[in-house]
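Below: the structure, in structure tokens.
When the chains are written out, they are named A, B and C in that same order, and each has its own residue count from 1.
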Amino acid sequence: MSSHLIIGQYVPGHSVIHRLDPRAKLLIVFVYVLIVFWANNIPTYALLSLFAVVFAALSRIPFSFIARGLKPILWVILFTLLLHLFMTKEGDVIYRIGALSVYEGGIKQGLFISLRFLLLVLMTTMLTLTTTPIEVTDGVESLLGPLKKMRVPVHELALMMAISLRFIPTLMEETEKIMKAQAARGVDFSGGRFSERMKAIVSLLVPLFISSFKRADELATAMEARGYRGGEGRTKFRQLSWKAADTAFLAAVALLAVLLFLLRS
Amino acid sequence: MDIVFEKVEHVYNARSPLARRALYDVNVAIRSGAYVAIVGHTGSGKSTLLQHLNGLLQPTSGAVKIGQETITSNKRPKQLKPLRKKVGIVFQFPEHQLFEETVEKDICFGPLNFGVPEEEAKRKARELIQLVGLSEDVLTKSPFDLSGGQMRRVAIAGVLALEPEVLVLDEPTAGLDPRGRKEMMEMFYRLHREKQLTTVLVTHSMEDAARYADEIIVMHEGTVWGHGTPEEMFRDADKLAAIGLSVPETVKLKQQLEKRLGVVIPSPCLTLEQTVEAIQQLFAKVSAHE
Amino acid sequence: MNWTMPFFCLLFIGRICNAATQGETIMAEPILSIEGVSFRYPNQSDYAVQNVSFIAERGEWLAIVGHNGSGKSTIARMLIGLLRPERGAIRLFGCLLDDTTVWEVRRRVGMVFQNPDNQFVGATVEDDIAFALENNGIPRAEMVERIREAIRQVHMEPFLHHEPHRLSGGQKQRVAIAGILALRPDMIILDEATSMLDPRGREEVLETVRRLNCQQRITVLSITHDLEEAAKADRIIVMNKGEVMAEGAPEHIFRLGSKLERIGLDLPFAVKMGSRLREQGIPLRAGYFTTEELVEELWTLYSKK
């Protein structure tokens, strides 16, 4: 029953961001994550924020969804802010509480680092919110394609990833079933002494592993029966198509990189 | 131990966009010592209903009374453990719950969880392994070295080891071959009588429902569609057909014969034996008239 | 539709012509023949399958029945080269099954397995149907066409973009069948494909396969322990302890009566009923199938009295 929620990161939609080639999105996020670390003054941070906000707005995903994705890391950001506030001793003293002093540099540093963190998470969340896991897999496979020449098993890795994604809901369901069966035999999954908890976990994990191995075995047999013999000579049903919009967005992030490089102090 | 459902409703993922009502307005009583079959399509609410029988799920509204305990949406007994000991559930494909190194340990797992002393649990394991039709030397083996059918029997012994008063069976014969199916159903029927259990069987087999059950509960689209003796429930084949369910083959034969021959067969024809006898009598009567 | 269409039309015509000229040889030869096949699992002294021989004609529905562990699934696995016989030979389409022909055989013979979940590879229905096409290097444009055709044949069009966990067991099995159909197979093997389904799912799957068998003359080999299901086959092979115990048309096989029950099988209801009534001295003819036929027979006897 809860299986819908787990991969439920993806919010279906038809916005320009949704329709971007997953390779473009992966590259944009990758470049963005790198250049976030270049920013070190107000203009650069402003530019980065502008880009991220426009990107998020274009996705047409309700703000509440995005906020929900950011919630878990809020306390990390708060902690970073406080840490920098009290530990950085640069510039003038702004405020003093007992032995602790807050410096001007501290405020600036704290805000910048927190903002950096927020932007990083925002952009990566945008990727998962607008791209299905299978599209991400396709994108990764395609981008890593050149590595095939170096005998990196790119196709196999991508297939493994795709199959794992496909089986997540199945395994979630299975987990729920086994937990219920063991609960009916008196296992308490919610509490108890340490030794009892260990026993409870073992009674869940052993059957789960055994059934997963059995599934893997049967799946391998079925794949072989359906003519699977590795990546060679295979055609692909899922096609990625690079469009003008993809080039435009990639150009935009390149421009952002150039501006950042010029404006950083 | 009587079980009473009062206006039970169950909504999965309540108060979320994914909310789905699986049960509503369920009012049904299962009396102590009865053998009750629950039939209905996949998705009719059968398995949601059965998970209410030992508090694995609690109703989102209404109340489930199990013996002295009452489970409601906001209030439920702090300790569900005693209830879970009294109501044993054999889930579909119960062999998927095995995990211990030996069969003996796996059968003892439940009783030990409920604080039964180890010696007694072991004694029980020896007794139960024979009851489910396996020999005692299986006890020292790993459950994963057994055949599928044997594993299922071990898993069932693991539930019986709790010495429940109510035994709930969720399609216990799924995936078995005809002989295995028959042996297993006969075993449960024997246990039902010998241990004076209350038995609740969830099944797709109308034949099994007709043969073993005292009462049948028909579930349809999340609520109780009908409840009565097999004879009552199978009287109207057309009504059952309207919700996509059928009557047992024997009843089908009886009804077709009555129509074709223009006679009334007094026997309910719930089992093969009954039906053979009824047809025999029909022909004997004709001979007697001559 | 696009520039490739004429090309495919030509290919298609080529196929038909090819089939027409080969027609005679195909008809003369059984689609499948198994000669003296034996098999033992590693580290086992007993044979799982021993000296088994049989044939399947093109277009027929052949049922292999037996209790769990009678060796029937082992045979299925050998037919598409998942297991290799210790002795004996398997011929499909007139060719000996070996390392050089196994991939061609897997293209022409599709297998539906028991567990609906553990054969679903794709993230969605269409991805799953595409899987075998991808493996066989079918060009993308043709894939789309074939997927559309296959999904239509199993009546699953509305579910093309559904993920597997949103489908019922019967629907998943129908997707598995579509995946096979997309390869335009000559034969479908059902390896207990309905044993984990509810009655509705079972009927869905059997109905689909029956239609394919009738309309497209796809050969069906169904491996099952359900004699009710086997009753609708053209021919039945009964397996017991790794050997062929009996072979013949359903009415012939059902005359074995209690012999079948002794090896753990359950006779179809009407057959069982008929033999019980005969035992009780009601002079019924031997070998009925359906309840309707039994009713007719009883009516005849009843009105004669």
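As a convention for this text, a residue touches a chain if its C-beta (ideal position, glycine included) is under 8 Å from a C-beta of that chain, and two chains touch if they have at least 3 such contacts.
Since we're looking at a predicted model, the values are computed, not measured.
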{"item": "Contact graph of the chains (line, ring, star, complete, other)", "value": "complete"}
{"item": "Centroid-based (C-alpha) most distant chain relative to subunit B", "value": "A"}
{"item": "Selected interface, A-C versus A-B, where C-beta contact pairs are more numerous", "value": "A-C"}
{"item": "Distance between the centres, which are taken as Cα means, of subunit C and subunit B, whole angstrom", "value": "32"}
{"item": "Interchain centroid distance [CA atoms averaged], subunit A/subunit C, Å", "value": "45"}
{"item": "Subunit A-facing residues of subunit C, complex", "value": "77, 80, 82, 103, 106-107, 110-111, 113, 115, 117-124, 126-127, 130-140, 143, 147, 163-165, 179, 183"}
{"item": "Subunit C partner contacts - residues on subunit B that touch it in the complex", "value": "41-42, 147-149, 174-180, 182, 204, 244, 246, 249-250, 252-253, 256-257, 260-261, 272, 275-276, 279-280, 282-283, 286-287, 290"}
{"item": "In the complex, subunit C residues that touch subunit B", "value": "67-69, 168-169, 195-196, 198-201, 225-227, 264-266, 269-270, 272-273, 276-277, 280, 282, 291-292, 294-296, 298-299, 301-302, 305"}
{"item": "Contact footprint of subunit B on subunit A as seen in their complex", "value": "1-2, 4-5, 174, 177-178, 180-188, 202-203, 206-207, 210-211"}
{"item": "Of all residues in subunit A, those that touch subunit C in their complex", "value": "3, 132-134, 162-163, 165-166, 169-170, 173, 214-215, 218-219, 221-229, 233-239"}
